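Two complexes are shown next, each including chain A; its partner changes from chain B in the first to chain C in the second.
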Partner chain A sequence: MSYEFDFSFLAERWPDFVAGAWLTVQLTVVSITLGLVVGTICALARIYGGPWLKRLVGAYVELIRNTPLLVQIFIVYFGLSSLGLKLSAEVSAVIALVVNGGAYTTEIMRAGIQSIQRTQLEAADCLGLTRLQTILHVVLLPAMERVYPALTSQFVLLMLASSITSQISTEELTATANLVQSDTYRSFEVYIIVAVVYLALSALYRVAFWLIGLVLFARKRKLGTAL
Partner chain B sequence: MIELNANHFLYLLQAATWTLLLSLIAFAGGSVVGLVVALLRVSKSRLLRGLAIGYIQLIQGTPLLIVLFLSYFGLGIMGYKLVPIVAAGLSFTLYAAAFLGEIWRGCIEAVPRTQWEASDCLGLNRFQQYTYVVLPQAVRLAIPPTVGFMVQIVKNTSLASVIGFVELARAGQIVNNSTFEPFAIFVMVAAIYFAMCYPLSLAARALERKAHVGR
Partner chain C sequence: MKTLIASVLVALMSLGATAHADTLDDIRKAGKIRIAIDTAIPPFGMTDDKMQPAGSDVETAQLLAKDLGVQLEIVPTTGPSRIPNLQTNKADLVISTLSITPDRAKVVDFSVPYADHPSVVAGLSSIPIKSYADLDGKKVAVVRGTTQDTDLTREAKGAQLVRYEDDATMALAFASGQVDILATARSLLPAISKKNPGRTAEAKITMQTFYLAIGMRKNEPQLKAWVDNWVKTNLKNGKLAAIYKKYHGIDIPTDQLLKAGS
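Moving on to the complex of A and B:
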């Protein structure tokens, strides 16, 4: 059988793809940032919190990690709106991605925080740092440095998972692809293009995270080795 | 409008068996292809290693949803019209193979070098080294992360709903269309997924703990 590839629709539709990719980037940058905040707070709560707080965070992590993102998105978008809380598709997408990413980040950050040695905390105590100062300067950054590779690959996976938000009509890259392919009947070409764009985005995110890592972790920048 | 009732719940449970079946297909297919990917990934030949790396990067760098669309709509337009379960099975096999291949590569590489050298000294050939010495040890290391990855497979089968395969997530949408109680229904769907995934997560954790005690 022979199949003629035809990418001619690109001449007309490329701005749609750019707009879709841009929304994907916006959605994921916001979700990753908020997810990191949520995950870090939950990780701290899980380690330093009281027994009930620990249990609560544990339940959150397990509930999210053992259910599909698609269903979580449906609960936020369709479920909450039926309860009277009307949210736009974009806002629902961000909420679902933050809640989802936050749970995974909690586990990763927890591993990082637990890898900080007691002696570091004792030294901080001796220097008269308050608890908040200790957490900010002695615990969090070095903890993040240790789990940075796991953290960033989790973030890249979150970016790829954002394609699922197309199912609630968020007009990001995948939804754009669905739209263009239903106009042009060129589904094979459309999805190949979008796959390439996602590959490029993953590469771009990896480079960005590497650069952010260089800025964030001075020791690594100077010595070339992790903590 | 129809009231949400016990029959709807039974319908969801029935759909959950399709989720399990699809997960099994994905895991079986992914294991076979994944083992090949893992072996290529640790091969002596640069070309084969490069191929395996390229494959892994390709799959891990694109969303599973796009792979699904490509194999269902894309191949369909090219003339290979696959039924949803075949398209989904194919996509999940490709997806699982990339991740399992990478997990198992780590396990194969974690077998100490000395084991390779010792089996070299005993005059075993490469095939014998793998089947008698390396793989049996790698399998023990591989079990906990593999069980952990099965959770990902079960969850990701929910994406098959977008190509019209009636598994748990799609069944939830169908029930929702007739009863319009999305919150109750999707929480129920999530609970069923949880009931399938949580035991796997617990098992993975227990196996991991056991593996660490042994060392």
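Moving on to the complex of A and C:
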């Protein structure tokens, strides 16, 4: 009950926090982008693919969604290197985050794609759109617009979950916190600072997603109504 | 509702009161002592084949609790959270390969040392390393926040330090081939080498010899006096040396430790 706060170490250590936060941003921007690609392809495969492809994607999604992220990270980092494939901590972290994020994105995108009514596809057919055009303009974009809030929440979660990669020596924000904490012994202060930085990052990501949404969904931008 | 508020207030007041009382009194009153031990660093702290905590630090803690006449509650900890556990009053003592350093002495008090603890840079026998300069451009695994981490950060500027959260993760990184060189306590090398017979960690450079001591919160004169006296007694009667020998297979320099502690 007599704790004295001391943030004086910040004067010297703030570049460490900036570097850590920057690596967190880099890791998660790459992971989110690739995860969205993986998830979208898997969602399409799960709906339009053949029976075996559907089962394969289903198995991937259930395997990943029912095992802890930390275990997945350890398997990529330690497992692959035991087999002779040495990947750096950063690359391992991105692979694990993409595989993990991709599985969740698959399910979200699947929900979106399945919400597109059959009549829309028939209309696209009548208009003479090619299969690729139909998937791109009639299926994917409106599907994404419908599930965009769920999708962005998942991406922010992914950013927060990237803190776990500190366990395999990735020097991101949480690892930086652990390092500064072990040097200064000001654990309470350090984790308060890091919590604030994560909060700011989350806010930043949400604003960025909102702006991306404005660009992507022209219809919504002009009409302002939900699909 | 009123009773709820009242009970919360009473709880808060008693919290404030215990924070200022003497820890040794509190331990005796509670009939139990909370000792933070990292049980993932064999042979100091580990889990034996019956899933019970074992190791030289665990046995030291058990002996201390018995001599104090209280029950032992092991607070599981990791290297970086040993001192925070003390500071946040989650543990009364730390007996967990805690070596005495000036930086740590600013925030916690140390007892008389109960063992010595040389740390080394080790690696595969195929890698020639004779000095810190040989580490230039090479990946060296350390556990974050340990004295090896601090020392190498300062001394081996050319080395690329790869920081893990605990010894088990670092050992796994070495066994799985993520790193070929690591800086750690000499006492850990046999356990690390056992994980993968194809990858034996060989001591290359002796970095520094530390003394291990029992850590406690600052300004606890009664507790410190009791613990100091307990360590001295058990160094002299050979009990601490026997515990160390049982797990590490080597003797501790009892006279040197007593001299360092006086």
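Assume the second predicted complex is superposed on the first by the 226 of 227 C-alpha atoms of A that agree within 3 Å, B and C clash if a C-alpha of one lies under 4 Å from a C-alpha of the other, contacts with A are read in each partner's own complex, and residues count from 1 in each chain.
FYI, contacts are C-beta pairs under 8 Å (C-beta built on N, C-alpha and C of every residue); 3 or more make two chains touch, one makes a residue touch a chain.
Computed from a prediction, not measured in an experiment: that's the story for all the values here.
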Chain B versus chain C as contact partner of A:S202, first or second or both or neither: first
Touching partner for A:S166 - first (chain B), second (chain C), both, neither: both
Chain B versus chain C as contact partner of A:I192, first or second or both or neither: first
First, second, both or neither for A:S82, with chain B first and chain C second: both
First (chain B), second (chain C), both or neither touched by A:A177: first
Residues of chain A touched, compared between chain B and chain C (which is higher): B
First (chain B), second (chain C), both or neither touched by A:T67: first
On chain A, the residue positions that both chain B and chain C contact, one per complex: 1, 78-79, 81-82, 166-167, 178, 181, 185, 187-188
In the complex with chain C, residue positions of chain A that touch it: 1-2, 77-79, 81-82, 84, 86, 89, 166-169, 171, 175, 178-179, 181-183, 185, 187-188
Touching residues on chain C, where the partner in the complex is chain A: 15-16, 19-20, 80-81, 83-84, 87-88, 103-104, 106-107, 141, 144-145, 149-150, 162-165, 169, 172-173, 175-178
Of chain B, residues touching chain A in the complex: 57-58, 60-67, 69-70, 73-79, 151, 155-156, 158-159, 161-162, 169, 172-173, 176, 180-183, 186-187, 189-190, 193-194, 197-198, 201
Complex contact set, residues of chain A against chain B: 1, 3, 62-63, 65-72, 74-75, 78-83, 160-161, 163-164, 166-167, 174, 177-178, 181, 185-188, 191-192, 194-195, 198-199, 202-203
